[in-house]
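Structures follow.
Look for chain A in each of the two complexes below; its partner is chain B in the first and chain C in the second.
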Partner chain A sequence: MEALLAFLGALARASTWRMAGRNALRNPRRTGIVVSAVAVGLGGILVTMAINFGMVFEMVQAAIQTELGDLQVHHKGYDDRPGLEVRIQQSPARAQDWLRGVPGVRAWAPRLRSQGLVFSPRASVGIDLVAVDPSREARVSVLPHSLVEGAWLDGEPRRLVVGERLARRLRVAVGEKVVVSAQDARGEMTGEAFRVVGIFRTSSRELDEGAVFLRMEDGQRLLGVGSSFSELVMVAQPHADLEEIRAALAARLGGDLEVETWKELRPVLVAMIEVFDRMGWIVYVAVFVAMAFGIANVLLMAVYERIREIGILTAIGMPPGRLVASIGVESLCVTMVGVAAGLAIGLGGVWLLRDGIDLSAFGAGLTAYGIPLRIRPVIRASDLWIPLLVSLVTALLASLWPALRAVGIRPAEAFRHG
Partner chain B sequence: MAEGTALLEARGLSKVYETRGVRTQALRQLDLRVASGEFTALAGPSGSGKTTLLNLFGGLDLPSQGSVWLEGEELSRLPPSRLARLRLWKLGFIFQAYNLIPVLSARENVEFVMELQGLPAAVRRQRALALLEEVGLAELADKRPPEMSGGQQQRVAVARAIVSNPRVVLADEPTANLDSQTARRLLELMQAMNCEHGVTFLFSTHDSLVMEMARRIVRLRDGQIVADERSSGP
Partner chain C sequence: MGLEWRLAWRNIWRNSRRTALTLAATVFAVFLVVVFVAMAAGLHGKMIEDTVRVHSGHVQISGVGYLENRTLEQFLRLSPPVVQVLDSVPHLVAWAPRVVAFGLLSKESSTQGVALLGVDPKREPQVSTLSQRLVRGAFLPEGTQRGIVLGERLARNLGADPGDVLLLYSVAWTTEMAYELFTVTGVMRLPEPALDRKLAVLSLSDAQSFFVYGDRISEVAIRARNADDVPLLEKELARRLAASSPVPVEVHGWQEVMPELRQLIFLDDAGMYIMLAILVIVVAFGILNTLLMSVLERRRELGVLLALGLRPASLFRLVYLESLMLAAVGLAIGLALALPAVLLLQGHPIPLGGDVEAAARVFGMEPVVTFRLKPLNPLGSMATVFSVAALAAWLPARKASRARPVDALRGL
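Coming up: the complex of A and B.
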């Protein structure tokens, strides 16, 4: 306890830091090597984590911005049996009432979803049929803004928009007609001809290859569902608390409807973030363990070089706790300079890559997994403070071995050594 | 000055060094009492055990046998933190090789002991400068040891040893590397500390000047006391 108090007291003294700093500068080359090792290690981690998270972030954002939104309302049971049988048996206009007084919702749009087939004169493909309110959809999804040909849906009936891959498979172009066939709400086969008015391209292969978008009214008519629909998609204000929105909205909905956030709608995305975070920790541990050995080795050398001085300090009455602190602080001084340099390297690297890394050379393979073709590194606050904290803890732990070795030296033994 | 009370005491003290299987007996069953206020020299040829005895009296080493007592406390039984506190408050050390902290200036070296004692910065600074003035080094207060001569470093070491008002100063060959004039000035300074403040001094020395000024000379040979001479002193 006494040693711990001496240790903490020493950490608070300016003289401990001054002396540690001067000691660190006694061998500039050796200190420089440790600082460089810490800086390169930390800088590398920051850039790696930023790229990794950038990729995950883009994937999540792509999913949110094209399909999921931040929250969705469904009829209970829809997650287990997605299809026409489980629908919201109310008009999409009812959403106005539900959302009145619910804070944090920036935009909303209704969707009607089903499966079907699309036929061109040359091919037929199984598809997800998504009927939308064109103007509202443009506020919750980037898809209407991702057209590579033609235009987004407007007020005109019997028009649809397809993904680039699907258009290629159907061998259709903008302006050509296709037939959409599906099972309606009564279980009867139904079909109508639509004109392709737009072709979109996203980072989601699934979407590009297997979805067609048409007007809500066309979908409701084709599928014979009246004014009902499948889901209400909502986009929240930046930094809004999704749980708060969910709670407020749930209180306004009837008992047969449920609200889910994107995390519940697509748990695989959450799992992916967790996997990347855990991989990050593995990288941290590997780098910091190597760093710890490096620091400990250098400090041990310093302790052996200054064994006589340590003997003097002990002889004049320096308590063991303070001796441990003085070596720990020396380790901290060196590491903190390395950490500062590492942060500069990491942030500098992220800044240099701010326009993103172009992965289009691997395009086909990556989009199959929803990985965007351009990854922009993203630094989270935790990517800064976690390595910072771990560096400092590593520095202190690495100093323990040399420090305890120093405490164990009897002054007379130290004098004989010198 | 009362010289009856035992401040330091060695009882049946032995010390054996073992280096690569070679045993060297530095002290053999030695008994010695040093009273408060003494100005005592341990004399003897090299290898007679003077430095070993000082180290054991200062708690800087552990005896192989026997015990060392400082004001009734047996040093080898004390835990490291208690021993450190005892050295900080009751003991001052002067070494033959000066042993200053090279990264600290003369003033900071002297202040460091007071800082360990927890004295406020202003008091430390004032007292350190006053002592450096007393040892004639006021103008070198901001110089670091490598920038000073041996004599200057030893004067800083003396200032460091006495700045904490210790009960006893253990000085290992303090004049060995000094010219006679510097040595005399230092010894006079220590004598003044002894007479005016009652600080006990225990020297190990070959120097006739030290023995001339000491009021008690304990002569050692082969780790044993062969003579214990007292004089009325200056």
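Coming up: the complex of A and C.
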């Protein structure tokens, strides 16, 4: 207890830090090597983690920006059985009323979804049918801005925008006609000819080879659903609280409709982020354990070198707590300088890579998993505080053995040693 | 020479605490490298086997251009010479013919787009695990006419159960509309969500008559003993089929059928090796520091040795030997710990739960961490850690060989 008090007291004293700092600099080469080990290790891990998380982040962003939006409204039961049967039995224009007075929503767009077949004179493919309001869709999704050929839908009827892979499979070009066939709300098969006006490319293979976009009015007529629709997609203002929007909107909707955030719509995206978080801990701990051996080794050396000096200090009555504190602080100083340098290297590396890393060399197949072809590293707050916390603990633990060894030095032994 | 070895060995143990710490760092590095590489090998091997066995097969034979287009237009026929090649080629465990197509399935007013797989009910279970994944009903029992098996999520979205009658609607090979009623015989749970939502399996003969496809098929899925046999099997099949098939066909290994899987594995490997490299570098710095300290400590002693006539080259060798011995002992202990651990884990895969499980399924994996020790793993890990240690020892050894007797004696 007494020793602990002495330890804490010593930590608060400026002289402890001054002494530890000077001790650390007594052998600059040795300290330099430890500092660079910590710096290189931490810097490298930081950049690697930032790239990894950048990948996850882009996956999530891509899903939000092309399909999910930040929030969606559905008729209850749609999540369990997505299909034409479960629809919002009101006109899309009603959304204006729902959203009146709901803060933080930047844009919204209605969609009508079903499934069907599309066939060209050469092939037929099963597809997701998405009927949209062209100008509103352009405000909630990047898809209308991701065209590689032709143009996005406009007011003209019977036009279709398809993905690049789908166009290739159907072997159709912009300007050619295809037939879209589907079952309507009464269970009858219906079909209509559409002209392909645009071809898009996104980072989602599912969209690129399995979705067609058409005008809301065309979709409603083809599927015979009157003016009803499937979902309302909303994009929030930057930094808006999604839960707040959800609560405000839920209060204004009837009991048969429900609002969900992207986290509920695609829980797997949340799971992926958590897996990466956990992986971060494992990696940081593994690297710092590797560093701990080096740090402990250096401190142990330092203690050996100073056996005589420590013996004198003990002989003139230095409390063991202060001795432990001075070695612990020395370890902290060395480690923290390394951590600071490592953070600088890591952040510098991320800054250098800010334009992103082009993965297209690895091939376009990655889009099947929703992995985008350009990755920008992303540093999160946890990339800063986890290494700080882990290094703090590492530094103190690594100093434990050398410190105890130092306390064990008896003056008599020390003088003999000299 | 013998003297140097003895001297080096004794020097290592002069400061046993320092040596213990350095050893621990090396052991830790070797252990992590071996375990992580084994985990990646197990994970990727399982990923390949899982994905391949669910559906695609290790190798596929198909008509020319099928892989890019995947429509009914690219087909092949099981002509006698083709069957003969399939039955006689070595390393082939089983094969199954299939028709692959699209359709709309509807029950009352709900419709779902489906990926249709027409399979030979007898041959298919030898190649894929589809029939083992039933949760309700049966897998196309013998004698059933127009039976269909659905993915679980697909069945739920349609509100269909075994015994229900569904309408299948699609475009036949003749480009005419095709309608037919099918009875659900079973529901299967598929690990990959996209497949679970989309896949419907029917018998090959039903598929051929529904699509007016005659005796044509889309692909032959082939099972090898394991993924390692694939390149050999692929080459042999291509060679024999080119010689005997009446029409040209294409042979593709899983890497070509699922390029995305190959790329994902590559990306994952790259990330892991970077992490391990950083780890090894950190450990190398530790080793470098320890050796440097031990050389500096012994300045006086080394100076005396030089004064007594030992040549700098011998001194270099002495210090270098010390570090190599240290690394070798560390490697031996590391491997002695890691190999039994990995072998144990190889027999006892670790199940995953919660969030990780869901994330694993997106990538088409069963949520278990498996380990697989390939012979290259311990060898490669050993070689890497040893050469990094050898590299780290160079600076201290050079420092030792450049000690000057005068400085050394004056210094203390």
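The criterion applied here is as follows: the second predicted complex is superposed on the first by the 417 of 418 C-alpha atoms of A that agree within 3 Å, B and C clash if a C-alpha of one lies under 4 Å from a C-alpha of the other, contacts with A are read in each partner's own complex, and residues count from 1 in each chain.
Simple rule for what comes next: a residue touches a chain if its C-beta (ideal position, glycine included) is under 8 Å from a C-beta of that chain, and two chains touch if they have at least 3 such contacts.
Just so it is clear, the structure is predicted and the values come from calculations on it, not from any experiment.
Per the definitions stated earlier, placing chain B and chain C onto a shared chain A by superposition produces no clash, and the two fit side by side. In the superposition on chain A, contact of A:M301 is made with chain C only, not with chain B. Between chain B and chain C, C contacts the larger number of chain A residues.
Touch criterion not met for A:D256: it reaches neither chain B nor chain C. Legend: residue contacts after superposition of the two complexes on their common chain; A:G44 is shown touching chain C, with no touch to chain B.
After overlaying the two complexes on the shared chain, residue contacts for A:F415 are found with chain B alone; chain C is out of touch.
Of the two partner chains placed by the overlay, neither chain B nor chain C lies in contact with A:E243.
By the touch criterion stated above, A:D97 is placed in contact with neither chain B nor chain C. Once both structures are overlaid on their shared chain A, chain B and chain C have a minimum Cα-Cα separation of 13 Å.
Against chain B, the residues of chain A that register as touching in their complex are 2-3, 6, 13, 15, 19, 22-23, 26, 308-309, 311-322, 407, 410-413, 415, 418.
Listed in rising order, the residues of chain C touching chain A in the complex are 15, 17-18, 21-22, 24-25, 28-29, 32, 68-73, 102-104, 106, 108-115, 156-157, 159, 169-171, 175, 177, 179, 193-194, 258-264, 266-267, 271, 274-275, 277-279, 281-283, 285-286, 288-290, 292-293, 354-356, 358-359, 361-363. Taken in their complex, chain A has these residues touching chain C: 29-30, 33-34, 36-38, 40-41, 44-45, 48, 51-52, 80-85, 114-117, 119, 121-128, 168-169, 171, 181-183, 185-187, 189, 205-206, 210, 267-268, 270-272, 274-275, 278, 283, 286-287, 289-291, 293-294, 296-298, 300-301, 304, 359, 362-363, 365-369, 371, 405. Those residues of chain B lying in contact with chain A across their complex are 52, 55, 58, 60-62, 80-81, 84-89, 91, 93, 95, 97, 99-104, 108, 112-113, 115-116, 160, 164.
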